[in-house]
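Shared between the two complexes below is chain A, which has chain B as its partner in the first and chain C in the second.
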Partner chain A sequence: MFIFPELNPLEEIALIIGIILTLIGVFCDIVGSIGMVRFPNFFVRLHAATVGTIGGAVYPLFGITLMSLALNYLGVMRYFIATGAFLTAIAIVLTAPVGSHALARAAHRSKTVPVEPKVCDFLKEDERLIEE
Partner chain B sequence: MALENFISTFIVVLLPAFLISLSLYAIRVIKGPSVTDMVLAIDCITYDLCFLMGLLSILFKIGFLMVAALALALWAYVLDVYVAKYLEAREVGD
Partner chain C sequence: MVISKVRPRSEIIIGLGVALLLVLTLFAVIAGATGFTPKEDIRPLAKFYLYYAINWYEKKFWAASPEAVNSMVWDYRGYDTLYETSVFFLAIIGAIAVFRIPGVKDVFSKGILSGRGLSLIVKTITKLVIAFVLIVSIAIAVHGNLTPGGGFQAGSAISIATLLAIAAFSRIFLEERKITTKLMLPIRVLGVLGIGLLALGPALIALSGIMSFVIQNQPKPWADWGFIPGVGPFWLSGNQFFYNFFEFVAVGAGFTVIYLIFSIPELIYKRVLKK
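So, the complex of A and B:
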């Protein structure tokens, strides 16, 4: 209506919010990949992985949901794309933190990754207390 | 028609960012010092591919790509859990 003459105002708002969320997602992708290369340690790289998954996949998939609902020229296919993107975003936001927590716990308990620059390690002290 | 041209241009302009980020993740997959680093980077690659599939399904007007994206997301979770289980217990189990 204001920018695109073939859309009504509700679709136009959804399209603009979707474009903004997609741009946020691309920015978080690049930032997360740079962090994944530059960070020194596995337990620090978990932070970059979180930026790359939640910021880089969940937000833009919600954005694709809104954006594809607004696009008239896709026909019936836009409901298909919107439903698939919404379900994928829900699946990622539920499973990605669980997976990274399980991976961090396994890396600490199996001692494959040394906890190198550290001040204190409460998890190791707890394990020693349990063994005694 | 102007809307379709605008959306197509927007998606095509975004594609080199995916090239940069996927190649930077691939560096970590190749030279990662431990197994968990590689698995973490593969997770990030998979979730990025889900996002890329969403954009490509709008660009090519194929809605069925999103089913593949859902399967990819669940596959990454299965990889996480199996590698964690193997590292802790030295067996995969059921």
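So, the complex of A and C:
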């Protein structure tokens, strides 16, 4: 109605929100990749990678859900695209944090990577408390 | 915080290499390296498949399946798939034979292998994911004659549930739920038997005088006998639905057996061999 004359207001709002979500995803991907290069040790790099997977994949997928629902010239196929994107987003939300959590926990417990430039290491302190 | 200002030369070379690869790939794709780009009109090969896979007007040669790949695999190219299934069956028998050492039990009591598994977060999500995997793989198998997928794909998908359970919980988690090689071996034999009977069934009917041939699905001009393409709202594509289901059972149980055997620690084999 305002920018896209062939869409009704609801579809237009969904389209604009979808585009904004995709742009947030682009931002998160850039931030994550900068963090992967610049951060000093394994754990904070893993954190940066998670910014890339959650922010850079889940937000755009939700955006694609909204966008494909808005673009009515796609016909019936838009519901397939929307459902696929939505379910993929849910799957990534569930599994990606668990993956990075398991990686970080395994790396810390097996002491394969030094927690070197650090401010504090609460996990180690907890382990010491359990031992005592 | 120590962050090196100067990057090593290898990192620069890797970065430049990746950038060059991306640019080259882009140029190659623009120049048409992906080959045939889809056109508006139907290709001759697609016409062939549409004519022979599902053709409501000329049912003489059809396979009654809207999935072209499935109709090729289980109908037109059926012998190939049958032998593929038997090769897979024999390969797993080989794997079991290699790892079969008398004295190594498949089921461990809790004392020998005490596995606590991964953390609570991982366990909770893995339970959810295993449920998803089971549902999706059954859907792939049952829809194999309608949408992309099929028996082998569904079987390999459901075996991932076993793999996840071994990684996140432990082998004992599966043993408590009676998922052992002792259970899985008969199940996969049942699956392969089902495929064999479905394939040879029409030939047995031929003995009674009606013209039919091995792995026949739909009636052909020279063999008037065939499976029912669908029952009510359920489109079975003749016997292809059952082929997919039995292949799913056989492959799923086969991969599960492999994962269960591979998750026996080397320590136990060594302990038995030393005796």
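Please note the rule applied: the second predicted complex is superposed on the first by the 117 of 132 C-alpha atoms of A that agree within 3 Å, B and C clash if a C-alpha of one lies under 4 Å from a C-alpha of the other, contacts with A are read in each partner's own complex, and residues count from 1 in each chain.
The rule is simple: a residue touches a chain if its C-beta (ideal position, glycine included) is under 8 Å from a C-beta of that chain, and two chains touch if they have at least 3 such contacts.
None of the values given here were measured: they were computed from a predicted structure.
Novice: Can A:52 be said to touch chain B (first), chain C (second), both, or neither?
Specialist: first
Novice: According to the contact criterion defined above, which of chain B and chain C contacts more residues of chain A?
Specialist: With both complexes superposed on chain A, more residues of chain A are touched by B.
Novice: State whether A:117 touches chain B only (first), chain C only (second), both chains, or neither.
Specialist: Second partner only, chain C.
Novice: For A:40, select first, second, both or neither according to whether it touches chain B, chain C, the two together, or no partner.
Specialist: Second partner only, chain C.
Novice: Identify the partner contact of A:105: answer first if only chain B is touched, second if only chain C is, both if each is, neither if none is.
Specialist: both
Novice: Give one of first, second, both or neither to describe whether A:91 is in contact with chain B, with chain C, with both, or with none.
Specialist: both
Novice: Which of the two partners, first being chain B and second being chain C, lies in contact with A:61: first, second, both, or neither?
Specialist: In the superposition, A:61 contacts chain B only.
Novice: Examine A:8 and indicate which partner it touches, taking first as chain B and second as chain C; both and neither are also allowed.
Specialist: Touch partners of A:8: none, neither chain B nor chain C.
Novice: Using the superposition on chain A as set up above, list the residues of chain A that contact both chain B and chain C.
Specialist: Looking at chain A, the two contact sets intersect at 91, 95, 98, 102, 105.
Novice: Where on chain A is chain B touching in the complex?
Specialist: Contacts found on chain A: 4-7, 19, 22, 25-26, 29-30, 32-34, 36-37, 42, 45-46, 49, 52-53, 56-57, 60-61, 64, 67-68, 71-74, 77-78, 80-81, 83-85, 87-88, 91-92, 95-96, 98-100, 102-107, 109-110, 112-113.
Novice: In the complex formed with chain A, which residues of chain B make contact?
Specialist: Residue list for chain B touching chain A: 2-4, 6-7, 10, 14, 17-18, 20-22, 24-25, 27-28, 34-37, 39-41, 43-44, 47-48, 50-51, 54-55, 57-58, 61-67, 69-70, 73-74, 76-77, 80-81, 83-85, 87-88.
Novice: Using the touch definition from the top, list the residues of chain A that touch chain C in their complex.
Specialist: It is residues 38, 40, 91, 94-95, 98, 101-102, 105, 117 of chain A that touch chain C.
Novice: Looking at the complex, which residues from chain C come into contact with chain A?
Specialist: 1-3, 118-119, 121-122, 125-126, 128-129, 132
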